[in-house]
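The same subunit A turns up in both complexes below, where it pairs with subunit B and then with subunit C.
For the complex of A and B:
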């Protein structure tokens, strides 16, 4: 199993254990009618609130428009885990409830090789970051 | 309310106040309609006047061509680039596959790096029209708006309209953008081309009227004409400050001469003495030290000089003393050229008062057609604002169309002096003052005489 698949599987389990409904390779139909694909769609059964999750290699300037377009049209907060995120766009995306978690952050650097034990650890850290992100937006509108 | 961003484009800000920060404005037009120049001017003045860095993303023209052309129009982008206030980015071969990613990359990267407050994408058409569906374009526009708002910038995107096509956008753009500005170049069968700006939408800004004339050219680059409607009408009038016509007797009929900074219409049939009167007025006032420009649409300059000699003036001396004689081909004159003459002339006179004499304004009627009245009105209002006393003549003909023009111009003019030819036992030239605002005038009809090369009334 590829490392990314292992990571996604772990992440799904983490959220399932926390009571979330987890949909692997899900689509959200946007306001425009376009169906947007995400690696995972998490749904809090209590609030019915959805959050989209993607795993990608890089987030650079060229991805900003499409990420924003998906975010606005799907009307769903979005978490993206990437190997590399252009630092100057991280803050910009965050303002629109697109939360990026990158391996190039020092705290994740130890997980670059991603052995099984570390994937679990990394998954827990990502889960905790996503939950923290959710708590920052749960007070008001998710979108 | 969002912060207003002045464009720095003369006339545009006076009409609309500018754009609002965070807005996406679409500038549409056929090829050659002036879209690139409008956008370039927006960036240029933003950097120059307001120190706002700008990014120009061009999908059509390369940097060298752009810099050279804009320099010809008085916009030196190289120096702005050196100061770090401008970036030029080329995406010259946008393809459907990577065009959007390229746009996203170049726009975001350069805008963030130089903290751009003004961004132009010229043109969006090849990027948006090759691939995405209408729905995808709608959400991409929204994403663009979000990005621009976050950057605290204003984005102008240009869109191509195929020649002969009046369709705006491609079914979605007109709804999602904050403003739509349509530029047009009208080339009539006869007469000068006319450039028209149509503002179809501008969120947050008042749209009191839709059409504006504009011109492209050095030194301003791009200028919108307000046609006097939204401008406050201004003039500086002092009833004691009068200009003598130089023709014995006429000043007395006018109650002491023409009040400075007013407009005077000279009316008469061919051969009634209009040109002789206006040339006398031009020559006498030049000799008194006034700044005088004489524009004719009917005779070459050499012919005007010959007439001056006939009136016993020395054209060379008059020229040395500042008389400008311009013989213009009405077929070739643009509205801009006309206004520039007035404004350039006003600058030349350095506020010392000046006279603009236009002989044969009816020639313009044939060229400007239905716009003739507006052109003359603008000329008069611009002249008054610039403290230029304007005197213009029109041929009085018997045709109904001529009468209509005359009626309109009569309302516009502060003073009307009519010349006529009476045929009884002999041909006799006559003159009378029909109207002189702010003056007590003589109601007499008097004979105009040409004696020893000089005009006078009996």
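For the complex of A and C:
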């Protein structure tokens, strides 16, 4: 994840600017009472609404079951930032309201070569994309 | 009397064991006449499988497993005498086959007393599954077990509703009778309170020898492990009270407690 660290940092700053609290490494309890680990948990202090982030290297088919199981168990919207995601998996996960940011997609692959100013601009765009995703799932339950 | 394990399906090993399928008219005294053949030859009967026949069906099927050690030459004689027994319609002999295992091939599928199909699973199977789920899927896998259980519990609630259950206490009591019959656990309802109007309540269920936690313990897991059973309880109660139920396993044999105990909080 080293090459995407800068982007994550910018993204979290962007959410902080929008009033979210950022907690690194935390757990969210699911409907089952089981606690699920996330790398970053954002919380809107006004509404108490949370967004969970997982940072990973790649998402392959063998990971889908566990991602969807987590989705069934938790109402918290889930965003996964990965270096590599199979396009068909990305599509599948989106159907179940899991948002993925993958650096193998063209719009992200050029990210690392961007000057700082452009990265800020780019993270603003991703942030609004995530927020738009959140508004479409309104509550986020897929169960 | 003391409890003893019940061996189902007579998976018996040994070169001297023999199985006899006996089709006979279902009427008083027939079983006695059949078993008398074995008594006369001083052959020990190890197990008998048979199901109650339905009203329309007058013929029952028995699978009798006998130990013929020291009486090897008698297997054909016993077969003939069973065939000659009054009200016996047909008899077939079954010998141990692959790897010396004798199995009942004619009773299929397994059903409960109401004719609903049941499956037998071994503790070993679950032990492997649990290990795999933990290793490959982590916490989401355990959550899946819970949700699978929740769906099962909801199914039980619907089944018991058809039987005319009128209150939560009866629902849980009947549930505990059922799952004891299925060999899942020996349960005891310790506390049950439910305020219908406020949709709030508390239930405590104690479970002895819960198979899920026994298997977990054998797999080296030493934390509360009954995710599926928790889910079953949650689904059962949720479906009945129409409110969210939070079930926690507050005691567990996997972590060294003498029994498992579930605390269900409604609302």
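Rule of thumb we're sticking to: the second predicted complex is superposed on the first by the 113 of 143 C-alpha atoms of A that agree within 3 Å, B and C clash if a C-alpha of one lies under 4 Å from a C-alpha of the other, contacts with A are read in each partner's own complex, and residues count from 1 in each chain.
FYI, contacts are C-beta pairs under 8 Å (C-beta built on N, C-alpha and C of every residue); 3 or more make two chains touch, one makes a residue touch a chain.
Every value quoted in this text rests on a predicted model; they were computed, and no experiment measured them.
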| item | value |
| --- | --- |
| Partners on subunit A (subunit B, subunit C) - clash or fit | clash |
| Partner, of subunit C and subunit B, that touches more residues belonging to subunit A | B |
| Subunit B versus subunit C as contact partner of A:96, first or second or both or neither | first |
| First (subunit B), second (subunit C), both or neither touched by A:124 | neither |
| Which superposed partner A:33 touches (first subunit B, second subunit C, both, neither) | both |
| Subunit B versus subunit C as contact partner of A:58, first or second or both or neither | neither |
| Touching partner for A:24 - first (subunit B), second (subunit C), both, neither | neither |
| Partner chain in contact with A:88 - subunit B first, subunit C second, else both or neither | first |
| Clashing subunit C stretch [against subunit B; choices 55-63, 163-171 or 253-261] | 55-63 |
| Interface residues of subunit A shared between complexes with subunit B and subunit C | 30-34, 62, 65-66, 68-70, 72-73 |
| For the subunit B and subunit A complex, residues of the former touching the latter | 100-109, 112-113, 133, 135-136, 138-140, 142-144, 146-147, 150 |
| Subunit A contact footprint on subunit C (complex, rising order) | 136-144, 146-147, 227, 230-231, 246-248 |
| In the complex with subunit C, residue positions of subunit A that touch it | 30-37, 62, 65-70, 72-73 |
| Subunit A residues within the subunit B interface of the complex | 30-34, 60-66, 68-70, 72-73, 88-89, 92, 95-96 |
